[in-house]
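By written order: A, B, C, D and E. Residues from 1 in each chain.
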Amino acid sequence: MIRSLFYSPGQPIRKDIPPKEFPKLVRDRRGVLWVNFENEPADTCLPILQRFGFHPLAIDDALQEIHIPKLDDWGDYLYIVLNYLDIQANGYTWETKTEELDIFLGANYIVTLHDTPIPAIADTWASCDRDLRTVQEGPDHLLYRIADHLVSGYMPTVEKIDAAIDQIEDEVFDRPAPRTLEKLFALKRLLQAMRRILLPQREVMNKLARDDYKVIDPRDRIFFRDIYDHLVRLHDLNESLRDLVGGALDTYLSVINNRMNDVMKTLTIITTLFMPITFITGFFGMNFFEPVAGLVGWTTRQVFMATVSIMLLFPIGMFIWMRRRKWV
Amino acid sequence: MIRSLFYSPGQPIRKDIPPKEFPKLVRDRRGVLWVNFENEPADTCLPILQRFGFHPLAIDDALQEIHIPKLDDWGDYLYIVLNYLDIQANGYTWETKTEELDIFLGANYIVTLHDTPIPAIADTWASCDRDLRTVQEGPDHLLYRIADHLVSGYMPTVEKIDAAIDQIEDEVFDRPAPRTLEKLFALKRLLQAMRRILLPQREVMNKLARDDYKVIDPRDRIFFRDIYDHLVRLHDLNESLRDLVGGALDTYLSVINNRMNDVMKTLTIITTLFMPITFITGFFGMNFFEPVAGLVGWTTRQVFMATVSIMLLFPIGMFIWMRRRKWV
Amino acid sequence: MIRSLFYSPGQPIRKDIPPKEFPKLVRDRRGVLWVNFENEPADTCLPILQRFGFHPLAIDDALQEIHIPKLDDWGDYLYIVLNYLDIQANGYTWETKTEELDIFLGANYIVTLHDTPIPAIADTWASCDRDLRTVQEGPDHLLYRIADHLVSGYMPTVEKIDAAIDQIEDEVFDRPAPRTLEKLFALKRLLQAMRRILLPQREVMNKLARDDYKVIDPRDRIFFRDIYDHLVRLHDLNESLRDLVGGALDTYLSVINNRMNDVMKTLTIITTLFMPITFITGFFGMNFFEPVAGLVGWTTRQVFMATVSIMLLFPIGMFIWMRRRKWV
Amino acid sequence: MIRSLFYSPGQPIRKDIPPKEFPKLVRDRRGVLWVNFENEPADTCLPILQRFGFHPLAIDDALQEIHIPKLDDWGDYLYIVLNYLDIQANGYTWETKTEELDIFLGANYIVTLHDTPIPAIADTWASCDRDLRTVQEGPDHLLYRIADHLVSGYMPTVEKIDAAIDQIEDEVFDRPAPRTLEKLFALKRLLQAMRRILLPQREVMNKLARDDYKVIDPRDRIFFRDIYDHLVRLHDLNESLRDLVGGALDTYLSVINNRMNDVMKTLTIITTLFMPITFITGFFGMNFFEPVAGLVGWTTRQVFMATVSIMLLFPIGMFIWMRRRKWV
Amino acid sequence: MIRSLFYSPGQPIRKDIPPKEFPKLVRDRRGVLWVNFENEPADTCLPILQRFGFHPLAIDDALQEIHIPKLDDWGDYLYIVLNYLDIQANGYTWETKTEELDIFLGANYIVTLHDTPIPAIADTWASCDRDLRTVQEGPDHLLYRIADHLVSGYMPTVEKIDAAIDQIEDEVFDRPAPRTLEKLFALKRLLQAMRRILLPQREVMNKLARDDYKVIDPRDRIFFRDIYDHLVRLHDLNESLRDLVGGALDTYLSVINNRMNDVMKTLTIITTLFMPITFITGFFGMNFFEPVAGLVGWTTRQVFMATVSIMLLFPIGMFIWMRRRKWV
């Protein structure tokens, strides 16, 4: 789907402009043109992008999937790649899809390309419809709005992850199960994926906030600085959450380990207590004490009493010995 | 709660000034104005902050929770975020809450915003009451006092953590329990949280000590340098404590591991000593030696003596063999 | 095999030029000369390279195997080492061979040396044959084509690795075997080897894209910048894949560990349930209850009933106790 | 204890000068004044330090314990903090105490403060007594002598640690005990503590060797460079020792692990060999073979022979099977 | 042993020149003087080095053992420390000795000091004997030759290590033994030691290749650049080998772990199969079934058949259960 809108001071907003008019509109220095490509095949986009006079390498990048936020300064226009992280909680795992948003930003136009619907684009477009001021402030301000929207979208995810960690932390102590570990690994992977996107995006915003670009009004840099701060904070939250996941993993492993130690101790205690006295029962079960061997003296009542005493005293002795070694 | 105080040379300190007078007072270049917002809703703060002419983005940052220390230079004023770490020992765990302190510092005024009571603010305010000199030295000196107080507040916590580690280190050797591990993990998390706050705060102080700001008297930079040194030292202490916690964790794990090895060895020794001789008792317990089978010759007194000898010599032999393998 | 081609504006492409003509052709500033050595012994290459007037150290480097991508600026020419990673899936392991491609790039010539056939060279050569324009744009453009081809060649490998990881991730949960671990280690090593090559190659492209070299047309730098971006992306994919392999390793180890814990628990439960009641059977198997000892009262029907009850109740009790400790 | 000495060309060295004369002596540009405070309370030091005109913040730092080597340039004087690491071998553990040495270095005076006796100070003082030349070369040379002495003092400790590691390495293979592990952890902690002091001290020396200070003769920088090199070497030795400790830890763990594996294998072998044949003995111990059940045919001499054969052959078979799995 | 040679254009090479002539020869700007000290006590070297007018600190460094490659620029001469790693394979362990080579490089002289014979020195000396050109190119070229020889000497060691790793990798899968682990740890330590020497040596060569020194002909810098590249490559090989050792360690541990898991599983399977049926044999071995108790009905032929059936079916059931849990 190709959509376009054109604003010129004192005139109503024009929509769905035929592509062949784009070069003319771009020459109107006071106007603002926004062209948006959503899920269009490369063949459709290519000729339209060429009308803007973009460098073939930049067009190549825009039509291929690159997936790493970056900013190329081509003088009269900037080529910017941003990422949109689509995260869906799916039971206790998380499905993440990284979507790419390609942006060409000129002095009086902005061209955006993406494959799947991105809320930041849809909402900004709707806002242009509702409120003329959105578009009046120029294409760099539109870029700010889109990026701000994109970045704000991470916050609910971060909060969902936070809640998930809280819930798992309780689970770790009460009923640690292999599933708990899977949940933790899923969160760890998710946070790694987020971090991988936040860092280069932060770098792009830093460049927009600091460097001197022909198409960015220096007074607007402060807005990109604001998004940059937002991304710094998100990165910091991400680090904190990774610490929490790391801590929960440590705790899980130590809880499991303690339980296993308990199991092994029980095994050893039972074996240690019963194996020797079972040997004694075996001893007196031998057929030597049948009348044939004439060892009748070994199976008298007195010996029986002594044997039973040993069978009672031996476990008590072992228990005391284990106590002293702090096993029990 | 909104509080304000205004000092002008030669006049008594004015308090609880109506907000509409603020712009006028700010124009009095020789005066010092301090406005403090504690736990006020954004709606109340917004119009008052706007009277000072702060940039909308800075006001946004101040009214939202950001939680990362930073410093923005807006020319006529600085916007500074500091953190206050509220740590409560709760049994052997620690409850930490990071509170945000937003500061606007102008040439002759300082505006502070926070949600919960912060001792550094309360004490500096009280000191302004008691001693005129506190406020005479200008708003940058007030900032120094607040920051200094904030940073000094970490020291008792560090000492409590140090004591806690000392106590755990003894526990690790004497009676290591799963609880010991939890305590260590709690300390590790606490130190991580502290470190996360100390580092950006240190950076803010470094900027105040090194860079040239319109609203900071160059002769006062040395004071921020002092706080910077203090934070460097706290960070170093934090690293040392983390080393100690790491060392205690290593020791705990090796003590537990040694104990488990002991347990397994005992299991193996008991099994190895008794299983073979129990087999022998079983052997002579078989019904072949009942008169029916005519194997009466196997259960004579001589065989019995031989059997008992084996039952005594076998464990001794095994013991010698284990000794040589250094198990016992 | 030594191959050469020479293009001069308005003339047909000459091929297989005798080496002694090279110096003369190089002096023709408008021509483009490409000399390619494939698997030639050093003795053959040496005199030809000397005709170009390359520095002895550069020739030494080109004739020895160095294996690390680098770029040396010798003023009139660049000496560049690129790597070609030949990866063959071999069952579940991977055979990787790093091949070296040495390049001398002058203002109007390019000399390439390699030991094994490299597709990037073969294809670019073929393209020169087919299409005059390939060679018209000068030797720096030929370098771009070769490097671009080389770098594009990593993509299918990355996709193969991606597919392999997908398949292993399923395996890890369903039927983890020692072989699964070997596969993961093999992938880890492969990704490490790739990373080791990508990073210095990226640095070479960065230099070509940023620095000012006599033999590179500044307008062509943007092409090397494009390859640089491609390598950044490959490096990023590599990192993601390493994360995935790391995650699969973690999962494998925890699945195996869970299984082992299950095994140990079963051992303990069986032992704990049966050892005590086996002792009881042994107790009543002793020969004291033969008529001789006169302990006939111990083996009455009532005692038997009581014994059988204990043998039934004891395991039930143990089971409840284990339940409470959350073993079962 | 406060000690002072004053050297003026052509005059005998004066000692124990009354503090009130200090300002006068400092004005004598050709003289050299050294004041040393050892374990003096802050109240005593404060007024004397104030006579020198030091900045209140610098005095504060000197009177408090800071414990991190640093260098502050106050223009007319430098404030330097150095550390002295007092290491006592205590059985197989090490007691380390970090002592702080505060130094004020002016153009013609040096003021040193410390709490416990430091050999570097004591020896340099004694050398001033013995040899006029020590003090003649100016206060920056005195600083060099003190720092050089301080740094040389680490060498014997490093050698002691080296010897301790050598001894432990033998122990690890011959008779690894929990104590061995404790020794290794103690060494690790000691080396960490050393490293923590060496690094900032190295930075201080680097500054003295490179930067331009009013009170340091540029020709004397080479001496601080020498100490810097010494600290680089110590840091390098420290890294090597840490590698050795790390290697010994790895070896210890693998030796212990091998032993535990041996233990577990023995347990399994014994159980696997004896449990099945013990079952057979139990089988034929059942009372079915009493005359009552009429199963007399099961307990004939032939069956006995067969049973004994199985009891002999079974363990042999198991042993062969284990051999093939490479357990034994 | 002190050796010296002096070359002056048009004259034969002089040898074993008396030390007192050195200052005179050094003044002959066109000559080249090389003095080599091998295993000479400091007392002998000191006066000779002083004749060259070296700074006392530089002489100190040269006469003590420092062991860290470094480069000090003293203006008229450079003081350089290089290292020679003497590696001897000793069974499966490696003996490494780091030897120090101290070099003073002046405009027309070079002074070298070392304790043990170093092949790089011996060969360069011999080459001066054989071929006048070696010495004609000046002392900086002699330095290049020595350093080049030193660095080339690492290559055979790297190849030996490579072969050793190859051999161990086979061993790890076929017959992993504690000794295998020791070999791997030995290789790890060796590679760590190599790395520790390569890095600072690389830095020295980088300085010689980049910085401007009075005593190095700028045209000769390219030679040091060549050694630098060689060291970069060695460092890279070292990293690869460390990866391989790391991979082999991982594999070893997982092979051992798999084996141990096998052992534990076998233990559990045997116990689980035999303990319950052994209990049954015990049950029927109790003396209740002696005629006395009148429980004769429990030991009839039918009960026997049922019991034997249970004894056969029970293990089969357990086996199916274990199969389903994927133990077997």
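Assume contacts are C-beta pairs under 8 Å (C-beta built on N, C-alpha and C of every residue); 3 or more make two chains touch, one makes a residue touch a chain.
Note that the coordinates shown come from a computational prediction; the quantities given were computed from them, not determined experimentally.
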item	value
Classification of the chain D:chain E interface as same or different, half of numbers criterion	different
Equivalent-chain rotation between chain E and chain C, CA atoms, steps of 5 degrees	70
Distance from chain C to chain B - Cα centre to Cα centre, in angstrom	40
Gap in Å, rounded to a whole number, between the CA centres of chain B and chain A	25
Multi-partner residues of chain A (each touching 2 or more other chains)	264, 267, 271, 275, 278, 282, 285-287, 290
Order in which chains appear around the ring, chain A first, chain B after it	A, B, D, E, C
Residues of chain B touching chain A in the complex	55, 57, 60-61, 66-68, 70, 72, 175, 178, 181-182, 185, 188-189, 192-193, 196, 256, 259-260, 262-264, 266-267, 270-271, 274-275, 277-278, 281-282, 284-287, 289-291, 296, 299-301, 303-304, 307, 311
Touching residues on chain A, where the partner in the complex is chain B	222-223, 225-226, 229, 232-233, 236, 239-240, 243, 247, 250-251, 254-255, 258, 261, 264-265, 267-268, 271-272, 275-276, 278-279, 282-283, 285-288, 290, 292-295, 325-327
